[in-house]
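Once you scroll down, you'll see the structures, which are given as structure tokens.
Heads up, the next two complexes both have chain A, just with different partners, chain B and then chain C.
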Partner chain A sequence: MKRNTLYLAAAAAAVLAAALPAFLGAYPLNVARSVMTYMALAVSWDMLLRSGQISFGIAGLFGLGSYASALLVLRAGMDPAMSLVFATLFTGALAFTIGFAVLRLRAMYFSITTLALAEIFRIVLHNLHDFSGGPEGVVLPGVIFGGDTRALYWLCLGGLAITLGVSWYFEKSKLHLALTAIRNDETSARSSGVDIFRYLLIAFTITSTLQGMMGAIQVQSYGFTTPETAFDANFTLLPLAMALLGGIHSTLGPMAGAVLLGIASEWLKLKIPYGHLVVYGIIIVLVILLMPRGLVGLARKRRTGRGA
Partner chain B sequence: MANKRNWTVALALGAAVIGILVWRPTVLIYGLQAAGIYASIAIPMGLILGIVHIVNLAHGEFMMAASYLTYMVCRATGMDPFLALVPVAAVTAAFGFGIYKLTIRQALKAPELNQLILTFGLAILLTQAANLAFTSQTRKISFDYVSASVDIGELSFGIYNFVFVAIAVAMVVGLRLFLTRTTTGKAALAVGQNPRGAAIVGIDVDRTYALVFSLASALVGMMGAVFITRSSIFPAVGSPFTMKSFCLIAMAGVGNIPGILASSVLLGVSENFLKAFRGTRGWADIVFFVLIITVILGRSIRGKKA
Partner chain C sequence: MKRTFVALALIAAAAMAFGQGTIKIGATWPLADITGKQGSMAAQQAVDEINKAGGVLGRQLELIVIDDELKADKGAAAIEKLVTVDNVDLIIGGMSSGVALGQVPAMKKYGKVVVATGAASSTVEAALGADADWYFHLHPWDYNQGASYAQGWDEIQKKYPNVKIKKIFLAYEEGAFGKASFDQTKILFGAEGRYQIDGAPFKSAALGGGDYGSVLEAAKMYKPDLFLWAGYDADALPMLEQAKAMKFSPGIYLGAPPGWPVGFGTSRLSENVMLYGMWAPSINEVSPVSKKFYDGFVAKYKAEPATYFAPLSYSAVYIVADAIKRAGSTDTAALIKALKETKYESPLGQTVTFTPAKIIKNQGIKNQKILQWQRGRQEVIWPFESATAKPVYPFPKW
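Now for the complex of A and B:
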């Protein structure tokens, strides 16, 4: 019964989200798109976190996806819609290769290396002047779907829906058990027959692919990118803060956090043009110190009346 | 083990140094100067990592904050940064103490994940607070003595930056004396090796952590003060140093403070090697990432075999 209500609520939310363009103007739709992009990134970051690995490389894979998509259109003359697919696959393939190396690392070594990856991609694209346009970046001949705001909204919503679907699958399938076991104790997971490396590689590749996909959607929706905007550290920072605030190790938590912080940041951006991100820093620190399970954890605790 | 490795690295470096010295001396000179800066920023971080076992991802941001403080002090009073570093170091020590008591200490028992995210949050907090207070405009104070140079034959180069080499060496020697000769230092070393054992024999672990954290903050604050003589400052100026410092520490091995000197020389010289050619100049930044990845991966694979 309870599960049915949940599915109904999810379906209602999906219909509402799909119907939003009928009610909203261009600016709110734009805000909604940025919230959805961050939401997808937050959820995908959390999916890897469920295995206990903290990636600081969201911006790297996001930027990689956007550059792959832009360059496929510009250099290979590919159709924008096709480039989305191929850029997504490319990011996935590259993440799979990188995963072989970086997933042998743990804890701080893994995190710092993923942070470094974003910088490497940025520097490479910065320096390959002829191929990637160098520091000036690339300008696409046009925006996908002729720049129709509604179509762009639905495209972004589609990306988000895929991410949420995969995340939901992660929570319900055998993967969930394997990743949780790895997070709790690698040694006992291994002795129970969990192939740690394989599961981490699956999780890393899939989450990276999703991040690349969102990057590709982003670049096709705006029509230009530069190394500095594609690999902007905010694409790492904001999803992280959102997932933490909402509550990690779940799909719902990062979603709630993204809605709250995404809308709050639009408002703050207008109030404080410089340094409104200070709020994100404060949120990260306070959440880690005071409520490590986030808002969802807090709500769950209240409902069950015991520690989550 | 650490000593043997240090010697091998030193020997390999020595050979490379002689080769480069003959062929292109400026690469070596500027490389050493850069190494001085890298090492003196990385050493305090290494101290925290070695004893408190916390990766402080806000390390470069501590330095950035100290640079802004020095900037304000120098602008207001006309003081020289080398004089201002005393009050600045005192302030950053107090700041480090406050940060430790308010945040780090609460996360010591938490999983490593929480510690990493916590210090990452602190880094953002400091960068954005600087953005808020000073905007992202770059600031710079010029000093005459910075442009001091020396001519040897046809070779002419700036010598001011050798100050950083001196600072780095002084830090290594000073910390070595502190950790091996004084009671507090020995206690800190014991806590770093085994906190529980140290607590059993009556060392106040919490106090030691606070002390080490404040000491490291004072050192990095001092570097922040000196840093403004050499470079203009902006809110994001510290963040590359956080990563570089971590890389240097990982290369040397956690707890091997003299090793940081050697790895800094390797990084500084190879960066300046690429900067020496027009075609590869833009790629100099990538050296460090190649180093970090080979070193960290090499270390993890070797660690698996052992």
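Now for the complex of A and C:
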């Protein structure tokens, strides 16, 4: 019964999200796209975190997806919609290859290496002037779907839906058990027959693919990219903050964090035009300090407390 | 009956006047950056001055500013809000080319009149295309700036024969702004072998860098007559300090950031550093409009304008107000026609008109100025008609 209620709530939320363009104007839909993009990145980051691996490579893979999609359109003459698929697959394939090297590392060595990925990709694209446009980036002939606000919203929603679906699968399948076992104690997991490298490679490849997909959607929605835009550190830092605020190791936590921080950011900007970023930063620091388990963790604690 | 009719007519007229409300000017700038902060403040100053003088067409102006946070997606969302939620009559502002690129699709979608104060990269011009007749670009494009500097140095060398430039080294921040500056410098200064050009990139302190050792070393080895750096205000003092530590003293030490750090002139290191810009407080001596702007800004905000984005944004408001007055309405077609006929004596020390650029039809300012920090003040060296001082040459040894 409880599970059925949950599925019904999820279905209702999905229908509501899909129907939003019927009620909202261009500006709220634009803000919603931004929130959904960060939400997908936060959830995908959390999916790998469930194995205990802290990746700082979100911006790198997001940017890679952006550039792959833009260059497929510009250099290979591919249809923008097709470029989304191929850019996503390209990011996944590259992540699979890189995974063989970086997943031999653990803890901060893994984190630092993933952080370096974004910088390496950025520098490479900076220097491939004739191919990537160098520091000035590339401008596409147009925005996908002719820039139609509703279509762009649904495209982004589609990307988010795929991410949430995969995350849900991560939570419900045996993958969840394997990743949790790896996080809790790698040695015990290995002695229990868990193929650690295989599971980590699967998780790293899938989460990277999702991040690349969101990058591809982003570039087709704005019609241009530059190394500084595509590999902006905010694409790493904000999803982390959102996941920490909402609560890690779940799908719901990063979602809640993304909604709250995404809307708070826009609201603060309109209310405090000068200095809103300072207030925003203070809120993030305070929330993380005072609620280390995030909103979902806090809710669970209260529920457990009440039950006891 | 007659009295009732007259009363009703008066009420209706008042309601119509009230219904017309204010003329809404939407604007986006990066408010955490000195350019956007002072640009928006100066625009508000212009709005207040115009409203105090009775407004435009009997209506008050209202400025609605949104922070673009120097991010393309935020800049695009800001345009959507200004047009669809705030229902602005036209849009002004902007600083970063990257943000402008993100805003172009939304601007094209709505076709509102835009008077842009920023975006120097010609990539933005290419993205706009020749059909964007609603786009009025006040800031010079990168190729305008390069051509202007080449002309300026030619004229300075002719007038002051002791100034001799053959070798130029450009240290440029590794982003789009710096790279575009380097490319244009190579094209415009390197043409016909007049100058020898070399350069190297650096990571700006504004973007997490701040170590200029390798780029300054490369410059020192090249022994340039003119050393030029294209970066941001955060690079100004640290680069000078490192140049001093390395005893690097080129004939001309020149910076081209969009704005200088507040109080840069009070540092002893600033003495005789040259700069590219559009405006300096010293222009007050040759331009009454500049003095009016400057005095008004200082009186209102108790601070000195530290970037040319302040008078540029102030000019944008006066230009649109004047165009609305001549158009007699805020109708887009009428406004475009009126803006094309703009002739505005600006605080930048020059009259602004709109003429075609390489692609777009409405380009405002095409030239910059060459200035020099002398005794804590920015003095105009070139163009000579607005010069406030002679150049100090060469840049003294440390």
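As a convention for this text, the second predicted complex is superposed on the first by the 283 of 308 C-alpha atoms of A that agree within 3 Å, B and C clash if a C-alpha of one lies under 4 Å from a C-alpha of the other, contacts with A are read in each partner's own complex, and residues count from 1 in each chain.
The definition used in the following text is that a residue touches a chain if its C-beta (ideal position, glycine included) is under 8 Å from a C-beta of that chain, and two chains touch if they have at least 3 such contacts.
For clarity, every value in this text was computed on a predicted model and none was experimentally measured.
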Inset, instruction - Would you sort A:165 into first (chain B), second (chain C), both or neither based on which partner it touches? - result: neither
Inset, instruction - Using the touch definition from the top, say if A:284 reaches chain B (first), chain C (second), both or neither. - result: first
Legend entry - Touched partner set for A:226, first chain B, second chain C, both or neither: second
Legend entry - Partner chain(s) touched by A:109 [first = chain B, second = chain C, both, neither]: first
Inset, instruction - Report, in rising order, the residues of chain A that make contact with chain B in one complex and with chain C in the other. - result: 126, 274, 276-277
Legend entry - Residue ranges of chain A touching chain B (in the complex, touch as defined): 49, 52, 54, 56, 101-102, 104-109, 111-113, 115-116, 119-120, 123-124, 126-127, 237, 240-241, 244, 272, 274-278, 280-285, 288-289, 292
Legend entry - Contact footprint of chain C on chain A as seen in their complex: 25-27, 30-31, 33-34, 126, 134-137, 139, 142-143, 147, 149, 218, 222-224, 226-229, 232, 234, 266, 269-270, 273-274, 276-277
Legend entry - Residues of chain C that touch chain A when the two form their complex: 31-32, 37, 40, 65-67, 69, 71-74, 76-77, 80-81, 83-85, 98, 101-102, 104-106, 108-109, 121, 123, 126-127, 174-176, 178-180, 207
Legend entry - Residue numbers on chain B that touch chain A, as the complex places them: 55, 103, 106-107, 110, 112-114, 116-118, 120-133, 135-136, 235, 243, 246-247, 250, 282-283, 285-286, 289, 292-293, 296-297, 300-301, 304
